[in-house]
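Both complexes below contain chain A, partnered by chain B and then by chain C.
Let's turn to the complex of A and B:
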């Protein structure tokens, strides 16, 4: 289907089902139960899952295929966000021009940075991209936000004000980002018994876009162009000796993944019309590297899983505080309850970084292929258990590569 | 010749599919029947406390969190009631808000606009928070204030000192209890004139971002109005940790006062560098060299240690004030946590009480009712004397403190001494003052 082989088609279908049914899958606990703390099916977090999924898919096209480790990808995310918010300020709150411009601007910006940075490879390339990203951050944070020429609004972040031109904004168009009148914030809440599920317009826009770009990524992975990129990764020197100029290929990969990042940035601004400079900071660039490695470098689905994993920790674990813990362990005798809370305390709330770090170490040490490798091992194990059965192979859950 | 035939069944089928497709978007717009965002329906109401728990202002954030927990206890009738006993409005009965028990959720702003908005959004969307309180940076305050306006909940700002929060970025759903840079300038200038004379030459080092600029602008304006000359204003990158290269030129500039428009760790480092260069021992233009830090906090004072001795600055509130509200709050905070509260903690505590009181007086949690109840509200008994929440820009007006690093501190907490309590009238300004111009309050948004 769509020019994909059977395995990839089923992977695409699985991803489509997972993203479309996410409101159900992420809200497995009744909303009044104590476990509701672990529900992730609220609009903002679901949007983040898919947006950072897009960001990580794009990053993986560069890092997973060519092996070039960019430490400055957040710059493109930030540039995308700023372009989108400027479109809101100048044209209208419709998200289409905003997202389109964010991809274009991020593409141009990545041509510039890629052309310079790709003159070197390895650690030098990483450092160059990091330097560019930190330069962009400093520019956005203070230099380009002085009162005379205010492009980024500095620390506060670029926002839409009531006195902005918005020349295409219709008289009764919603006063917040919308898709031809359908506000991104609009949410339909479905109550089924004790459960409640949120269907958010913005989330579904992001989900559809993610499926499109995921499909694109599969096509790139399977194309001759993708094969060239893999050749760059395995031995670029040998490739050069055979008379091939690898630079156009790496630059193309860099620009494509920059455009993915720009798209993610544009979507972030479309869901929440504010662009802050912190989006460009090196921590944000490092985050996408973590996502990709955690999920599985060079695999198709891995980066998306990694993005979901990290965002889940950031948003769910950081919100568990001591009060919540006490309510969980209230059934224990007083002294014991305090002891248990004391032990868990460093790992929750502001300690979520610690928990994530430990899990990251475990994954890297025991599952070098990331979460995808974990899934594969689990699958093989199940398969071995059911010996003697007929052909139990189910291609659809088998990750690519 | 085509074999396309129109059947009744086909028309019905395609018609049904089309209309279902057209109707699909409307399930999103037809939201629930609630009158406003997160209308509390059960026996409890949820407040969202969004403070930095990691990053440079984490300590301040945790202090705010303690104060907010204390406020919730007092609202629910636990503890000694704190400022409920001294507050001039007697609407609060210690039985929650409007008879509903107060619960709270917490989030980490990380002192980043993006993270702060994400955590505020999750409190609003997931936990059903009906107001967001706290924070420790102007950038974050402005970002979260915008979000709350869009989402239709009330925002109370916490520690934010830039003029913009209630200036060009003001929003109808947002209120600020803290003072601002203009007020710092207005309060400091007369004290500076008295202590240092009116013919000083000032050199500014300013953190290079929005708050730094508004503070520099305010201090330059108010000191020049009393006759000072501004020799130079130098912007320092926010990430700097060593200010030696910025301090050295001060000595050769002919300036005799150094103004540090820095906050937090920046200020601790720049002040330490200035002391190391021996600035305070110099005599320039026949006068003793002086240093001024316009915005002080207890945390910075503790960080700078010995170096702040004798250095002047301004503050929103201090636990050493002697009014009834302050005494009641310091007593219950001290008894519970074993230390005096910081001025950002007091701000967040007062804001929770004021929000609850506004709900009681309005008889509803509807943000528009709350805004109406808070606009133009005059009260006393929460510290700082008689206080006004101005309707035009939602800025709070109250007395401002001028403080000095204590020369002989007797314990770890009295690092600052109060030099003067500047009366409210002296720090007031017109809502359309040029430093606050631009931006509109807009209309209150109840969401839904």
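Let's turn to the complex of A and C:
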């Protein structure tokens, strides 16, 4: 279907089903139960799942295929956000031109940065992209917000004000981001017994876009172009010796992933019409690296899984506090309960980043293929168990990297 | 003339910090071939050694003093630090006052140990893995270390004042023959610069004039051959890692009075220090030091009102700009050897 082989088609269909039914899947607990805080099916978080999923898919096209580790991808996200908000300010609150412009601008920006950065490889490439991103952050944060030429509105963040031109804004169009009149915040809540499910217009827009770009990513992975990028990763020198110039390929990959990041930034602004410079900081670039590695570099579904995983636990872990822990471990004797809570305490609530850091290190050390490799190993193990130990040989063929 | 001199001096303190961190980074890269993204965290841990020692010195017990009363007429509780009761009030007060310089002694063993544990426990397993993996795992480690410090010390900056004798400013211009008040310079910055010079000199002479240093240099040039000669080069490199950690830590200890330590100070410095290493030349120790001071001074020149009005925001981006130009025109850096990591 759609030029994909059977395996990829089923993967795409699974992803489509999961994203479309996400409001159900992410809300497994009744809304008045104690477990309701682990529900992730509210619009804001679901939007973040897919937006960061898009960001990570794009990053994976560069890092997963070519092996070039960019530490400055958040710059494109930020540029995308800024251009989307500018579209809101100048034209109208319709999200289509905003998202289109954010992709285009991020693409142009990444041509510029990519052209320079890709003259070096390895660690130099990482540092060059890092330097560019930090430079963009510094510029956006301070310089480009001077009164004469206010492009970014500095610390406050760029937002739409009442006296902005908005030349295409219709008289009765909603006064917030909308898709031809359908506001992004529109949410239909369906109550089924004790459960309630939110269907949000913005989420579905993001989800549809994510499926489209996921499909594009599959096509890129399976194309001769994708093959060429893998060749760059495995041995660029040998590729050069055979007379192929790898530069156009890596640059194309860089620009594609920059456009994905710009798209994510544009969607972010479409969901909440505000763009701040902190989106470009290098910690934000680090986050997408974490997502991709955690999920599984170079795999199709890995980055999406990683993005969902990190965003989910970021939200959930931050909500758990000592009281919740006490209620969980109430079955233990008092002293032991306090001890257990005391031990877990640093890792929850504000300590989420500590957990994330440790988890990330463990993944890099023991599971370089991320969650996807973990899943595969688990499957293999289960398969071996069920067959009953007679083909231990097959178990040794672990996926390489 | 005095304005130029003032800017050079202003650049020295940041330049010293860059040079010290970049020196450690280069030591690690040159010996072990590892790109250490957690080096900024080591700098930060050093600064928090000073914070810890200051807290230890200020541990006090309360005594109810019957002779004094507060405004309600109750007897006043007087806090006395333990050090004051052990060494007498004057000596105790001096110790507390000098807690930052004293932290140097406290920090050296701690940093050596942190470095040793880090190398043996984690970095060791990453020699054969690609640079990207090394960057990633040390990046994760940096997050963990940072969060641990945040857990124990909170997110706010903690003041670590310099000793009273070394706070305040000195009129350097007077001594050099300029007008009075032309060059007024904080003493602690001068101290920091001299300290950096001593440390850098120490590291270089250690490498240059001791047998240990000679072996390490030989190992940097050709690790395999040195190993074949029956020398346990790994052990020495581990010790060098500890020394590099100590250099970063000491840079952090003494930096506290200039800028109150907080948990993310390491990350802020790390990005710039990497840029410094690249400008100086990957693997070149003199290059790292030179580039550190040069970029520090350049940054200070770019922060003058003249520069910022001519090109707005130049002070924010100058270092990155220089790095980009250097990387594109002379990828081996200012003093890098030909052929080392040029790609």
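The criterion applied here is as follows: the second predicted complex is superposed on the first by the 361 of 401 C-alpha atoms of A that agree within 3 Å, B and C clash if a C-alpha of one lies under 4 Å from a C-alpha of the other, contacts with A are read in each partner's own complex, and residues count from 1 in each chain.
By definition in this document, a residue touches a chain if its C-beta (ideal position, glycine included) is under 8 Å from a C-beta of that chain, and two chains touch if they have at least 3 such contacts.
Small disclaimer: the values here were computed from a predicted structure and weren't measured.
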| item | value |
| --- | --- |
| Contacts of A:124 with chain B and chain C, given as first, second, both or neither | second |
| Which superposed partner A:29 touches (first chain B, second chain C, both, neither) | neither |
| Touched partner set for A:142, first chain B, second chain C, both or neither | both |
| First, second, both or neither for A:38, with chain B first and chain C second | neither |
| Which superposed partner A:356 touches (first chain B, second chain C, both, neither) | second |
| First (chain B), second (chain C), both or neither touched by A:289 | second |
| Partner chain in contact with A:318 - chain B first, chain C second, else both or neither | first |
| Partner chain in contact with A:278 - chain B first, chain C second, else both or neither | first |
| Shared chain A contacts, counted only where both chain B and chain C touch the same residue | 138, 141-142, 353 |
| Residue ranges of chain A touching chain C (in the complex, touch as defined) | 67, 69, 116, 119-124, 126-128, 130-132, 134-135, 138-139, 141-144, 146, 282-283, 286, 289, 293, 346, 351, 353-354, 356-358, 360-361, 364-365, 368 |
| Residues of chain A that touch chain B when the two form their complex | 39, 42-45, 48, 138, 141-142, 145, 147, 153-157, 159, 161-163, 176, 182-183, 185-189, 198-201, 272-274, 276, 278-279, 315, 318-319, 321, 349-350, 353 |
| Parts of chain C lying in touch with chain A, wherever the complex brings them together | 35, 122, 125, 131-133, 135-137, 139-144, 146-148, 151, 267, 271, 274-275, 278, 282, 312-313, 316-317, 320-321, 323-324, 327-328, 331, 341, 343 |
| Chain A-facing residues of chain B, complex | 25, 27-32, 53-54, 58, 105-108, 112-115, 117-119, 121-122, 125-126, 137-139, 142-143, 146-147, 150-151, 164, 168-169, 208-211, 213, 235, 237-238, 438-440, 442 |
